[in-house]
Amino acid sequence: MEYVIDMRNIRKEFPGIVANDNITLQVKKGEIHALLGENGAGKSTLMNVLFGLYEPEQGEIYVKGNKVVNNDPNIANSLGIGMVHQHFMLVDKFTVTENIILGKEPTKGGKVDLQTAAKEVQALSDQYGLRVDPYAKVEDISVGMQQRVEILKTLYRGADILIFDEPTAVLTPQEIVELIQIMRKLVSEGKSIILITHKLKEIMEVCDRCTVIRRGRGVGTVDVKDSNPDSLAAMMVGREVNFTVIKGISEPKESVLTIKDLVVLDSRKVPAVNGLNLTVKAGEIVGIAGVDGNGQSELLEAITGLRKANEGSIHLRDKDITNKSPRSVTVSGLAHIPQDRHKHGLVLDFSVGENMVLQTYYQKPFSTNGILKFSPIFDKAKKLISEYDVRTPDAYTPARALSGGNQQKAIIAREVDRDPDFLIAAQPTRGLDVGAIEFIHSKLIEQRDKGKAVLLVSFELDEIINVSDRIAVMYEGKIVAIVDPKETTEQELGLLMAGGKRGTVNAE
Amino acid sequence: GCGNSEEGKSGGDAKKDFKVAMVTDTGGVDDKSFNQSAWEGLTKFGKDNSLEENKGYKYLQSTAQSDYKPNLNSLIRQKYDLVFGIGFLMGTDVETVAKQQPDAKLAIVDMVVKGDNVANITFSEHEGSFLVGLIAGMQTTSNKVGFVGGVNSELIKKFENGFKAGVKTANPDAEILVQYAEDFNKAEKGQQIANTFYEQGADIIYHAAGGTGMGVFTEAKNRKKNGENVWVIGVDRDQHEEGMPEDVTLTSMVKRVDQAVYEVSEKTAAGKFPGGEIVEFGLKEDGVGIAPTQDNVEKDALKSVEDYKKKIIDGEVKVPKTDAEFEEFVKNLK
Amino acid sequence: MQNKNNKVKLLVPLFSVFLGLLIGGIIMLLSGYKPIEAYVALFQGMVGDPYFIGETIRQMSPLILSGLAVAFAFRTGLFNIGVEGQLLVGWLAAVYVGVTVDAPTIVHVPLAILAAAVAGALWGAVPGILKARFKVHEVITTIMMNYIALYSTNEIIRNFLLAPGERTENVKESASLASPFLQSITEYSTLHYGIIVALIAAVIMWFLLWRTTMGYELRAVGFNQHASQYAGINVSKNIVLSMAISGAFAGIAGSMEGLGTYQYMTINAAFTGVGFDGIAVALLGANSAIGVVLGAALFGGLKIGALNMQSIAGVPTELVGVVIALIIFFVACSYIVHWLMNRVSKGGKI
Amino acid sequence: MSFMDILALIVPAAIVSAAPLIFTALGGVFSERSGVVNIGLEGLMLFGAFTGAVTIYYGEQLGLNGAAPWVSFIVAMIVGAMLASIHALASITLKADQVVSGVALNFLAAGLAIFLTKKIFNAGQTPVISERISKSDIPFLSDIPLIGKLFFSNAYLTSYVAVGVALIVWYVLYKTPFGLRLRSVGEHPMAADTMGINVTKVRYIGVLLSGALAGLGGAVYVASISGNFTHSTITGQGFMALAAMIFGKWHPLGALGAALFFGLAQAISISGSHIPFLQDIPKVFLLIAPYVLTILALAGLVGRADAPKALGTPYEKGKR
């Protein structure tokens, strides 16, 4: 057998749904094998079966030629399989070292030998170029470093078959570049990798072969060098997909959002936004490009009233909304697709219908005199569900039961439907498949064309360049440059985001 | 659930048909205190009159205040000729039930309520406490004694003032420390209060504090083990056992609820139910007194106890019940 | 589908009660009592005749209210162990108004209940404020507030309201919930009009939570504070409000005792236990209004019936505590109940 | 009274009354650090007190003499762990709501303990035991000036055992592989699972240990303070231990400190009427002082306490 991993005819059911239906996946030694499919296609499920978290109803698994019964991550570990999960499996309050050695702790006289462990971690991280601070607490380190910790966890256990479930969804472009280098290095040492990603560009760049699944069934496996993004997308979705965002020329009008000399402190009381100026006009999409941690979150929180502005002013049209409550900012005509949909965007235990009126429940017709009116609420919800193609059994289903993509669509439906003057979209497509991305981009542009002002914050340079009419580069709490997307390149943006200078920069 | 109790010739003189029962307060029938004592009295009465337990005489236990009325009612509905409510907490319930069921005969211990069909049984705790106070006053070597109360109330005040009067009578120079735990069930509080008292030089503590008093014993035993000469005076019944094996119980002030229950039952069975009356059990009636275990009490103290017992019974000495009466009493001592 | 779900929802508690009684019976058997006789007495003592029905209903009223208090807080993400203390201050407030105010019944009773609600609400709001403002865990503060309530109410009675018998005066006739009529039809049980108040409160809780914008906000904050803040809901205000409303229910529970069952307040040597029982009632009733009413009926009935079981069959009342505990366990482990029910129904078919 | 005298009055008293709370709160730390809420501490402590009283009583009959209390501690720990296994079964294996299960445990323990007492002794309470843990001076240490009198004289050996156990728990939780695993299971059980840790097993151990320590707390209460078991021996101490655990931020040494703080506040409250500058304060204020002080301390100094992240959520493999 030439395959290190050979999963045959895997079937895995969840109550009411077949997540994997007769899927076969074969991975060769030393290759990077892509696993592609829409949101909810069953990729993570298949990998969890391989990792021993789920037991399949049917099918066989061969690892390095031997048939295995793998119903425990311990067995997977001993078979040399390691997995970097889509949602990180890290204990926030532990240090990097503690997270890595958990379950396989070196001891000295019955006591965890942290010193030796940290040394080992350091050595391992040097070997593969995975920069981490062994003594830092996980809650204090960047997402990129957290991911490197996840990788180290698998290497520490001697894994030679690594599963990466959507590793790049949460990374900045720089971090993605680093990760790709790391993956190459790992493969060059004889390890094999299964990579799940929605970014076709990444597949084209690093993968050798690609297996595509659709709605729980295998569509096929192709050699990447014989394919192209269009064909992969078509395989995955079952139809042609448009990548280039179709949009007309923007016709900016009056200023809607005006920010002057804004200073915002972060939770450690250090200025995260430091004298920022920005205007967004009606009928344009302004994209904010920047490396994570340059004050984007604090900026959005200050605009939306979730965080106090220490200096400066924010105006929505003529209205001063500086340090106004979220409610009054919303009422003034702002809508906000938040970055973290589970934390801010939805009350997961509320029904989809109840979530659809999260900011408007107290207004007519959803309530009168403090009494909720359910038929208008659910009528509205049903309308939005069908208009925005939110896949949910009905409006009464808890939001928790929806997939990430559909949760996101529900939020967008709610925010756009309020017909705001000004729309903030923060990482609106993170983790979504190409079909869903296409839909969301078209909605943003539709808003612009209706004469609304849109502020897009994203770590995806592709998205920023494709969707924005103007790009504001944010660095260390300031807008350091405004560039025209048609006249810039990813390289130039990357340089500016890293604090580099361009000839004449005029932050308006 | 009283279908099987035979409809009978009630009110007859024949003791065979006489049925008597009691309702305990939340302390339970074996609280080693007045509930238990009442039940002992009732049991003795039952045995003496060859009644059958649970048919001729019985008790019902209450786990909460709100159980009192249902329990009283339940017994009346089962046609008991006399029903005792044990403890002043049941006073109002007894009063209401008596009003609603004018044919029933009830008795309440430690409390006086309105109603012609209720016998009120009270005790002169202050008189008994006076006697143990005398002993404490005479036997203290530090001239300092203590009193630990459960919850500050009119009833417990009788214990306190009687005790203080006894101490002052025997030993006008003695200092008396007083503290209420505001709880009948917190042994650790009792222990801490006792600790504070002993630490300040008291050598005898009288407690009227139920379960809280267990902590007083604990502290005394600890100290005795470490060579200190300290004592506890028990309450309600002979608490000699609580003081063993270190033998810290000096003596106890006993309250003969059994005696009272027995007597009232007997009277009622004989057709002389003291309805509407207050039946007071004092020294004279042997309703209160010092415990039979007196080994640790000195001879002259015992003698003095006998003297004053007589004086109190004869009305020569009037023992104070309230703070005001105590003030008055002390003034007159000088 | 929906229908079947509802059926299961009802069957699980019923089956749990059955299992609880079954194991309770086994314990009785092992310890030498007669389970059948005991259970007959227990049942008789719950609903056997008008008197017992009256007592059971009377026992239910404060339990419904303390259960609602716990359930309401639970629904909004808070654990109120302080119902006991809120109940005590409510009791005192109701009795105070009942004793000192002169007014016609139509005014006096609502006024006294309102006083209880306000007192309970204020007492409950303190842990709410501490949580909203200082992030102090409400479980600790509510436990502490219980003790403070116990000692303070006792002291207030001792200093300002004392009547012979370590208690306050009786409330005036005009403030009393007691009903000679209800008592006479139930053979002089302690039944009073409080049950009506309790049932109205249950409807209010349901309506508040599920039909008003206030309830929407409270539930949203209970589930997800961040999203609530994002949606413009004032999180701190809602935490305080939730604790205050919960406390108000608890306070009214106190007025059941003060205006109905007792007509006065005693110096309490210990907690009444009604507040802690409320936790069990709320959990038995799955924190829903109707569930709380049913849970209180079961709980109150068993407690009252236990007295008769003791009286007739000689089984200690504590056994009912064991049975109640078992029932709560089985309700909580609905998983195993489902499994057993499946076994039984399958076995029945074959 | 001099300041030293006051301290000499208060500090030993605080240490004496804190021991049962310390043990029980440490039990709470084990359970909750593993992610299982334990409202049932009260019931576990109560049953421990019952077991302790019964064991000492029969130990005396069997002639164990001074060993009887110590034997009772071991028995109470075993019985406490057994009782806690019901909570573990319900809340870990059967995925019951942990609060509900804990509340049920409290009812069960109270009902069963009194029921059994009545069955065994035909009385509502156990007989008073003679063999107790007694106060004594700790040799040498009690001779240290100042400190010796405050911390090492006239104290129960069990109090020092409690402090020692707190240190051991700290060591176990923060220095050993088992501790690392237990905490990881309470923070992020799925992460632990993917690292090959048996979440169910670790949580069971956590809950059983909580039962053992709470049982010990109850038995120590009987052996050193109350001397017998009645229906009102344990009324609220378990909840105070729960409060101490949260006050101490789920940390063993924090719980130790909080329990001592409670003891100290209680001692001040009780001795207050004999301390010169506190004498004139109305009694009721002294009475509620321990509870008010706790609230003030929490609001002013301690503030937010972060519970273990996964506390209260049953772990189901493959559920997100």
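Just so it is clear, A, B, C and D label the chains in written order, and each chain counts residues from 1 on its own.
Keep in mind that, in the parts below, contacts are C-beta pairs under 8 Å (C-beta built on N, C-alpha and C of every residue); 3 or more make two chains touch, one makes a residue touch a chain.
What you see is a predicted model, and the numbers here were worked out from it, not measured in a lab.
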Quiz item: Looking at C-alpha means, what's the farthest chain from chain C?
Solution: A
Quiz item: chain B to chain C: how many Å between their CA centres?
Solution: 35
Exercise. Report, in whole Å, the distance between the mean C-alpha point of chain C and the mean C-alpha point of chain D.
Key: 28
Exercise. Express in whole angstrom the distance between the two chain centres, defined as the mean CA positions of chain A and chain B.
Key: 75
Quiz item: Considering chain D alone, which of its residues make contact with at least two other chains?
Solution: 232, 235, 283, 287
Quiz item: Mind pulling the chain A residues that touch 2 or more other chains?
Solution: none
Quiz item: If you look at chain B, which of its residues touch at least two other chains?
Solution: 61, 182, 184-185
Self-check item: Set of all touching chain pairs, with the criterion as stated earlier
Solution: A-C, A-D, B-C, B-D, C-D
Quiz prompt | Residues on chain C engaged by chain A in the complex (per definition of touch) | solution = 210-216, 219-220, 223-224, 226-234
Quiz item: Can you list the chain D residues touching chain B in their complex?
Solution: 8-9, 12-13, 16-17, 123-125, 128, 130, 132, 134-136, 154, 221, 224-228, 230-233, 235, 266-267, 270-271, 273-274, 283, 287
Self-check item: Interfacial residue positions of chain D with respect to chain C in the complex
Solution: 86, 90-91, 94-97, 99-101, 103-108, 110-112, 114-115, 118-119, 232, 235-236, 239-240, 242-243, 246-247, 283-284, 287-288, 290-292, 294-295, 298-300, 302-305, 307
Quiz item: What residues of chain C sit close enough to touch chain B in their complex?
Solution: 41, 44-45, 48, 51, 55, 59, 151, 154, 158, 164-167, 170, 183, 187-190, 257, 261-264, 266-267, 269-270, 272-273, 303-304, 307-308, 310-312, 314, 316-318
Quiz prompt | chain C residues touching chain D - in the complex, by the definition given at the top | solution = 27, 31, 79, 81, 130, 133-137, 139-141, 143-145, 147-148, 151-152, 155, 270-271, 279-280, 283, 316, 318-326, 328-329, 331-336
